[in-house]
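Here chain A shows up in two complexes: once beside chain B, once beside chain C.
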Partner chain A sequence: MTEAAPVVQSVLETRFPGVVTPDERKGYEGYIVTKEKLVELATALRDEMGYDFLSSVTAVDYLSEEETNLEVVYHLYKSTGGGSLVLSVQLPRDNPVVDSLVSVYPGADFQEREAYDLMGIRFDKHPDLRRILMWEGFEGHPLRKDWKEAYHNEDTKPFSNRWPDGQIFRSEDKNPYGKNNIYPVGFDPTKWEATEESLLYAGLGKAVGEKGNIETDYLVVNMGPQHPSTHGVFRMAVVLDGETIIALKPVVGYLHRNHEKIGERNTYLHNMPFTDRLDYISSLSNNFGYALAVEKLMGKKGAPSERAEYIRVIMAELTRISNHVWAIGFLLNDLGAFFTPALYAIEERELILDIFEATTGSRMMCNYFRFGGVARDFPEGVLQKIRDLVFERLPRKIDDIDAYLTDNEIVLTRTQGVGILTPEDAIAYSATGPMLRASGVPYDIRRADPYGIYDRFDFDVAVRYHGDCYDRFIIRLDEIRQSIRILEQALDQIPEGSVISGSNPYQVRVPAGESYGRVEGPKGELGFYIVSNGKPHPWRYHVRAPSFINLTAMEKMCIGQKIADVVVILGSIDIVLGETDR
Partner chain B sequence: MSEENKLEGLNKPEYEITPEMRSNIAITTLDRIYNLGRRYSVWPLMFGLACCGIEFICTAASRYDIARFGMEVMRPSPRQADLMIISGTVTKKMLPQIVRLFNQMPEPKYVMAMGACASGGGPFKEGYNVVSGIDKYLPVDVYVPGCPPTPQALLHGLMKLQEKIDGESYFKRFRERKENIEAIPIPILGPDIIDPRDYEIIKNPSKSKVAA
Partner chain C sequence: MYGKGIIKGMGVTLKHFVQTYVEDIKWFGRRYYKPEGIAHRSSKDAKGIFTVQYPEEKLPMPEEFRFIPFLIYDVLEDGTHKDRCTSCGICVKVCPPQCIWIEQTTNPDTGRPVPEPVEFYIDIDICMNCGYCAEYCPFDAIKMDHDYELASYERQFDHIFNKERLSKPAEYYATVRPVNNQLEEAVRAEKAAKKAEREAAKAAKAAEKDAGGESDNGS
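Moving on to the complex of A and B:
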């Protein structure tokens, strides 16, 4: 919460008496809102108080002996910077219905669908309320606490059958089907009819509307999930009029790995390696966000040591560089320059990965951050290697990439003026990261709501103003240059000392409460929402994935463009499916 | 067997070739010459599922250079591919597409399970949307351990696949299997994933071999 919180509170309480009450639970800082007035309140917050950016929508299942409520949690921010405003709406378990906020914040679209899919909360007046990560027809809402999966062992780890005697059985042997499957009692597979596709196409039909007078047929094209330029298992259903796009629906969930359900079973430290696998191109940024969220809950005990803070910044910025060169390389891939620019990009990335491998032990899945520091110090010689890279090689190589690509005629014609996102739309659709800043909104969490020690460094927030694919490409080069600036300062200032405050425990004590830790990841705002009830495992663990939410604006950007441009627009958003689907 | 020995092996079965003809003539079996061609022109399907797909791309890039094994010709179409590298977590939602892609590949085809997830579910095994190993549905030829496997590990896996190809017999693989090659039934997305081969067990779980 910010210093302005008392003002907001008094305004809210005078304007909405009886609607808004401060959350009194220990460790909670938000407001509880009655569900009838939610849309009215959100409109007032957006238009009058400047909370125009809806960062995250999620739901929590507070199932216990005393309580059965479901709760929808909203995190609002101002696009001019500052702390969060947390609203929550409590809903009865047997009929969880709340008004949709899509009309106020279009960025709530996918997130509300996710809450519907995984938690079973119905959002009234939502334009297209379908399942998003699982398929239509899937039995149950998996993130509810009373829903058990096929391989369910126990609620929390470590499982008692594995420890201390080490008797391990294979889950397959306990499951009647020998597979990770479970069916309702008396289910007859021969009578099953799938509804998934028909509902998707019905949604597309709604978007298309009535045809004009001209005798013509629209064409539905499915791109993906196996398509060389969808950056993984991503699918788009596109309706075409000739070559022009008139409707587009992203279909995600092909890599839904149940990150959150597994995360709620793990202990806090257990989850660190899982966060690596969210955005697998930039695992250290994910570590950073998760560590921040848990440290916030831990309070003073979780504060990292001085050297660790610098190491974190160095690692996070190196990650940003490696992510952005990769993104640029593959954007060019999508433009048709197959693999040659990507080879230049991968060359630089490999050098950064060498540093990660030397320090953390792994090229990609670093699992390096700990609560209160990092796992280990740089080995001998690695700091010098980073210095060589940052002071000598990288600036030169980035200039090279710049020289090869920026004025290239094909790049210019294919990207300029394509996939425009206006600043108003970018904020409304909750776009973050390079996508938001390329639209002319100078919002960078490292500046707007600083975390770690970013307030000590001198750097500029990269902004471009056209909001087209070209700007989204060029802003990544700008950001790499700014990252190099931060790295130069951090490498000069890094102090000696311990890399972790206190000991390096396997189990951390996390007091009850909720926290939302967010970092400026390479793809955008990466947030971790954690609800703790004082036990060794998080009660609710939610990831606000930038790739996933940036996709909400995809349809807006594509309509009116040609089918060939879809690939470019998608490439310029830079999604990673591990994070999109989680 | 080193590379040199393999090429020397072309001259078996041993027929006496006069020294002046040795640079021009080699006598060998059909299997050997056929497999020699196949092992150096395995075309992988351009297909990445998750994290392992990134390491797969790195393997194809300049530092590790998969082209040394003749495998750089990645095909996005299954009709032109020989090798399917399952590079990442197989989810239930993706499974029907993977099986369909496999069915569309022409024989001889190979499947490589790259990484822990594809081999057995990996860290996500217990997840409700995760298939615990692609070998529950497709015949896997090579498993590559790691999470994700480093490019070196993937290259090792590819060399193992080449060894497997070396040991195959043209007649065994095609003549005898001809009748047996049939498409794998495509799983259906029901209340949970439904394998059409398991209809009986699903209707009657008590019939299954494993006790619940």
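Moving on to the complex of A and C:
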């Protein structure tokens, strides 16, 4: 929630009279900004008031009988810590145009493209405003409330044709292949040519060129979508001068399923298992972020019980360890150390997943958090298993991995000085998580803006200062060690008691308002922006996906590097496509 | 010295390699294809080779493991089956991907719903194994199964489970989830006892009232 000090408020109101007005809707704590002065205001906030970190840009469609506005919502933070400043710009539905903030915060790039793609908001002066998740010939903007998909059943779940009028049918029978898509008028998919590609290369701007006296062409290389190092279906269009990269554009969206639209049809509880499927390597961390956002809206009623708070921390930190060993293992895979380091890393992850399976019922799709607590207590013996791991095995094994890899000359030569991201750039590009901290910015949400009970634990914010791939690798080992420290304290302090406050109803009541719950996920800042209108379903449900936004800095890190290093740089960001594409 | 780091790293791999054989000798043939060997290989003391050779070897499933729901019926004294499900529809309402379809039974005379489903379908292609239906069912009628080997040759019809395919006896549930079953049995027994107590009290009160009424009449 907004913690804008009165100072900021008075400065905003005196410096920008008539531009900034406090948002007076119930449950909202931000400011409404007129669109003409947005860039000027953002510049002043960044340079004079320290709000240098743009966490999230998204849009909300307030379509109702009284209102037809579209609203763009910005969440700003200080990179030195503290709460958020929420700005929103209201735009008319028929002509939603607002100035782009890319010139002030380059990290807005992909997020504005996403808002354009899914909500149809046009950002003036954006350097490369194209669709990002949907394909170029797509009809409409799917997150608008008046857009309906081909499989549309009812606006909200539960669907009445399941119960009380239960009649079994298969969706495929109602939507046979070939008729399950809506095309623009006059569009013939058999004659479609990929204009998207020419737009992409135009965006790269340097597809063909001349260099000095020698007549030479730049070369465009498409890496992916099936390249094994991309860890999923992800593509990079790279422009090369010889072996050196001069431009790069990530192409995402192959795994897009409109998670947010699904989320707006679901009830609040329904969304919990869907969040597992975002970053499927660290599902408990996703659960945490979503539970936090909804509990913020619920207020006192949503406050988790004491034991549940500890269980949440234990689970989230175990998730971080399992994610980081996985990331390290596969970074080495990308370096060409085929699968031995990866399998050593997976050993430890397996043992953690055994704990998840015994507690939550599933190894990866845990679906464990509930509003006000967690689903069930640890079964007998599991807590002892966690203690064995945390106090005995993991510290030893992490040292093993350390001894195995960190001094290895091949790792050193391949990663040191490769893909450098300076601290200024890291903040400007909205990089978060290990990527930001490896660049020398000691920003960890667990410390900078604590949630849950993280303020009770003694741990250091891991930070490294070179901002290269080696530091991004080594910082993950540092973070695992800090997680083990947190776990040791949590396991010592965990109290007895109920694991959920309240009765765990299947229909939660969420008062109207907006909330932004963010956690320090293993990959970076994972945020859930929720707008409630008091109904059983969220009106707007937005995921600030760290894998997606960390990719914004990909081009910056790659320019000037060799093509062979792209794979390592990508591996060091640690993306998961389930979250990138949503 | 250049290459020292690599040699140090290779030491770790070598240790791993040697440990496998040391463990093999220590366990003397019980390390593979034996439950205790499999359990050891997935414990904190595991060393050396880690792999479990599915399908010859299978990891033990913890009780909470969940995969595809099933319906529970009680076997009555006369041998007939009584579904615990009352077709109240809560599982349908909490189902995130909406994979459950329930057809309610209606009484042909009155046309009103009878608390028993005539059909119950789960499309297991859609089911996401979240376990909400089992968690929120107020009658302990639907629970998550442990059977994860569901591959089939036909997907059009075989993957839509009907009530017959879904129904399993209460004893089966007691074998897959003994701890949970015990807890639930205890809660049910307590509820039944309370209900019986209430009814007894009610009956006593009614009897008292009758007696009191008579005495009132008498006065």
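By our rule, the second predicted complex is superposed on the first by the 551 of 582 C-alpha atoms of A that agree within 3 Å, B and C clash if a C-alpha of one lies under 4 Å from a C-alpha of the other, contacts with A are read in each partner's own complex, and residues count from 1 in each chain.
Keep in mind that, in the parts below, contacts are C-beta pairs under 8 Å (C-beta built on N, C-alpha and C of every residue); 3 or more make two chains touch, one makes a residue touch a chain.
Since the model is a prediction, treat every value here as computed from it, not as a measurement.
*Asks:* Can A:Ala564 be said to touch chain B (first), chain C (second), both, or neither?
*Replies:* A:Ala564 contacts neither chain B nor chain C.
*Asks:* Once the structures are superposed on A, label A:Leu219 by its partner contacts, choosing first (chain B), second (chain C), both or neither.
*Replies:* neither
*Asks:* Just to be sure I read the superposition right, which of the two partners does A:Gln167 touch: chain B = first, chain C = second, or both, or neither?
*Replies:* second
*Asks:* Return first, second, both or neither, reflecting whether A:Trp135 touches chain B, chain C, both chains, or no partner chain.
*Replies:* After superposing on A, A:Trp135 lies in contact with chain B but is clear of chain C.
*Asks:* With the two structures laid over each other on chain A, which partner does A:Trp192 touch: chain B (first), chain C (second), both, or neither?
*Replies:* Once the two structures are laid over each other on A, A:Trp192 reaches chain B alone.
*Asks:* Counting only touches as set out at the top, which of chain B and chain C does A:Tyr280 meet: first, second, both, neither?
*Replies:* first
*Asks:* Regarding the shared-chain residue A:His227, is it in contact with chain B (first), chain C (second), both, or neither?
*Replies:* A:His227: touches chain B, not chain C.
*Asks:* With the two structures laid over each other on chain A, which partner does A:Glu350 touch: chain B (first), chain C (second), both, or neither?
*Replies:* Both chain B and chain C are touched by A:Glu350.
*Asks:* Answer with first, second, both or neither: which of chain B and chain C does A:Pro176 touch in the superposed model?
*Replies:* After superposition on chain A, A:Pro176 lies in contact with chain B alone.
*Asks:* Touching chain B in one complex and chain C in the other: list those residues of chain A.
*Replies:* 153, 273-274, 343, 347, 350, 365
*Asks:* Residues of chain A touching chain C in their complex?
*Replies:* Against chain C, the touching part of chain A is residues 153, 157-159, 161-164, 166-168, 170, 266, 269-274, 340, 343-344, 347, 350-351, 354, 357-362, 365, 367, 375-376, 379-380, 385, 388-389, 392-393, 400, 403-412, 504, 506-507.
*Asks:* Which of the residues in chain A come into contact with chain B in the complex?
*Replies:* Where chain A meets chain B, its residues are 133-135, 137-139, 142, 149-153, 171-184, 187-190, 192, 194, 196, 225-228, 232-233, 253-258, 261-262, 265, 273-274, 277, 280-281, 339, 342-343, 346-347, 350, 363-365, 577-578.
*Asks:* Within their complex, state which residues of chain B touch chain A.
*Replies:* Contact set of chain B toward chain A: 46-51, 53-55, 57-58, 60-63, 76, 88-89, 91, 93-94, 97, 101, 121, 123-132, 136, 147-148, 150, 188-196, 198-199, 201-203, 205-206, 208-212.
*Asks:* Which positions of chain C touch chain A when the two form their complex?
*Replies:* My answer: residues 2-6, 8-9, 11-13, 16, 42, 44, 46, 50, 62-66, 87, 89-90, 92-96, 98, 100-104, 113, 119, 121, 123, 128-132, 135-136, 144, 156, 160, 179.
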